[in-house]
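Order as written gives the chain letters A, B and C; numbering starts at 1 within each chain.
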Amino acid sequence: MRQDHLITATQLSRDDIEAVLDRARRIAADPAAFADRHAETVLALCFFEPSTRTKMSFDTAAKRLGADTIDMGTVESSSVTKGESLADTVRVIEGYADAIVLRHPSEGAATLAAEFVDVPVINAGDGAGQHPSQTLLDLYTVRENHGLDGLTVGIMGDLKYGRTVHSLAAALTNFDVNQHFISPDSLRLPRSVRFDLHEAGAQLREHTDLEDVLPELDVLYVTRIQKERFPDENEYHRVAGQYRIDAGTLADAREDLIVMHPLPRVDEIAADVDTSGHARYFEQAHNGVPVRMALLDTLLEGTQ
Amino acid sequence: MRQDHLITATQLSRDDIEAVLDRARRIAADPAAFADRHAETVLALCFFEPSTRTKMSFDTAAKRLGADTIDMGTVESSSVTKGESLADTVRVIEGYADAIVLRHPSEGAATLAAEFVDVPVINAGDGAGQHPSQTLLDLYTVRENHGLDGLTVGIMGDLKYGRTVHSLAAALTNFDVNQHFISPDSLRLPRSVRFDLHEAGAQLREHTDLEDVLPELDVLYVTRIQKERFPDENEYHRVAGQYRIDAGTLADAREDLIVMHPLPRVDEIAADVDTSGHARYFEQAHNGVPVRMALLDTLLEGTQ
Amino acid sequence: MRQDHLITATQLSRDDIEAVLDRARRIAADPAAFADRHAETVLALCFFEPSTRTKMSFDTAAKRLGADTIDMGTVESSSVTKGESLADTVRVIEGYADAIVLRHPSEGAATLAAEFVDVPVINAGDGAGQHPSQTLLDLYTVRENHGLDGLTVGIMGDLKYGRTVHSLAAALTNFDVNQHFISPDSLRLPRSVRFDLHEAGAQLREHTDLEDVLPELDVLYVTRIQKERFPDENEYHRVAGQYRIDAGTLADAREDLIVMHPLPRVDEIAADVDTSGHARYFEQAHNGVPVRMALLDTLLEGTQ
């Protein structure tokens, strides 16, 4: 990467993406070769919102590179409660750590942080904005299963609010991929996102029914429909039930269809899919480790 | 151990127990020899309930073996609040860590987790169920002081709800130990636990007064009587006062009686016992480190 | 240091202070030489109150010395909620760790802890009491910029409640320093603190207006005036506005005046001071790492 920070998926060219994914593959093949690579590095984990898998997987990635981590802790247990600005917090932490992983409820937080510090900042989710390291592990999972060109990908569920979806869709425009978006009308891809995808040359179509497109798909990426998006609980249950998949739903799918999900799932994927041969969501979560190792290794290399 | 996981104290034979305790003794004698033994290991600490000593002592044990730990954090700061199932949580974490230490409010949680993952699961307390690593450090403390055969052990306090007590009593049936249970009627050992102990060939008697049995004891294991078990606060104070010990209480005890407690204590053991020569509860807590090092070392060996 | 613990800034002689600061300077100049110095050490972080920078900077210091840390977590997630005494908590943790860093809301907590354990205890703030490692990094920052003799230092803001201020003022009596205290009447240095400073031979004067003394200062140490000290919110805003500095305020200052602040700041220092050439508060925060490395290195040396 030519960049010092990782703020959005859109900052990454096809070459950038492939370089990180290639490195991740080398790491996955021989993790021991990377075990002491960053022995004197300290990575700061600054999570202003709850997280399990993103935080634990960056923590694991750092430690499997031989680095240490320091954790800001929850907002409640930190000085943030005393009214400190984000700019001040990161300027202090820059003196402790060699890189900063930041999750924050406000869109643009990582961009702001990166303006104030010299160490690499990795955006681990900024409100409804971006979550680019998730996109990299999603792409890695697709590539290890099917490659990244000549594919037909379906993205289903909450397409309106999901930052994971927006990042992934943008990144896929770098490859020869047909994108199908499946959602209820009320949770369609926002107009601005559709516009950006068209501008980037995306081949995209929208659907309200999975069955219209399921037989063509190489990848089905499912996201959770959140109850709190619906004023009426009955309406939520009706809609969520319609975009829930189980082994029966997948009867018409290609044998090598892979089902992905950023997790956590609630009940949008039934347990019988886990053992169906299509499920890749746990593998996808596990890929967070080599991909984030590759990302850290790349960004830290740039600082040496 | 023949097992991949440590779920209950009852899964351990006398040979299993002695093997772990022997290893713990070797570690305590020469910790430096074990300092780099698991340098590329990552241990996940998944505590769905508050804990100080169990969590810190597993954390210490891992680090004194050269391993790293990753911490799920509190439930409030994790994805668990989004409704993820325990099975999904551990299947994700299995991709990050080489072993999982799990504490959970629901009995059976560790058994369930172990069904879903291939890495070793250590039960660090599941509701009113089991807490087998506590039992191992209890046995280690008894053995280092008195050996484990030909003993008379008194267990006092809340015998109805205490998972520590149930695990310890079961494990002691592997040795030549007379067990005396001292408690108010309302907090007697549950009928089912008594039944299992009889089946396992335990030599047990029950008492309501400590003085009936104190002079015979080699070990007095005290547990806390919790206020919330009593609908009436006066009744609580009356009962708790009766099962509280101080230096005076121990005047009739054997000189080499050892007093143990799983901690934290509130006031069931007076401060003057700390310096009486009988106290072993801090030593007992400290033994958590070599015993858990031995346990981790044993389980990780099995995975290599 | 001749001491095993670091409890107050007043326990430190001029020689003690200079020895730690000299060591910190050697560490800052060549951190790699210290990177594996305490590879088998475990440091316990016991924070009974929220903290970001103190905790993260001790955590970083330990790791940059090759040591590991174990974290007690928040009070809510620990056994403290079960009613355990501080004495019991630290006596347990002494069995896990080689040194203990303690922050606690009660004045005297660190003194009490040090009476019960044999491993070094470092006071990281005890209520309105002391915070000596902050004082050491403050002194280090002053010394690296101006040396520590022949200086004129202004300390401004909440001089009544600020433990940082009381520790620093006491420590400065070891050096040839004129101390000026600038505050509203209601937040003057407490009589007892003034008395102790006089006893220690301090050269001190008090002011209500910064402009009376600003042109003479080599160092201006600003602290936050807390809203909760004022029964009336208007009064708070009036007072806080008067002790707020910006680039304009500093027009009359010496060119080499340095502005310090223990952080976090809210708005007592305007953002235009950050780039004024006077600001040293981020440098000051960063100095926490080499100074705490030097402190840990000194105390741990004493235990070997």
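Everything below uses one rule, namely that a residue touches a chain if its C-beta (ideal position, glycine included) is under 8 Å from a C-beta of that chain, and two chains touch if they have at least 3 such contacts.
Computed from a predicted structure; not experimentally measured.
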Overall pattern in which the protein chains touch one another (line/ring/star/complete/other): complete
Turn needed to bring chain A onto chain B - CA fit, degrees, nearest 5: 120
Interface sides of chain A and chain C: same vs different residues, half threshold: different
Centroid spacing, where centroids are CA-atom means, of chain A and chain C in whole angstrom: 40
Shared interface positions of chain A, touching two or more other chains: 71, 74
Residues of chain C defined as touching chain B within the complex: 39-40, 42, 44, 68, 70-74, 76-84, 88-89, 91-97
Residues on chain B engaged by chain C in the complex (per definition of touch): 32, 35, 47, 50-53, 55-57, 59-60, 63-64, 71, 74, 263-266, 282-283, 285-286, 288-289
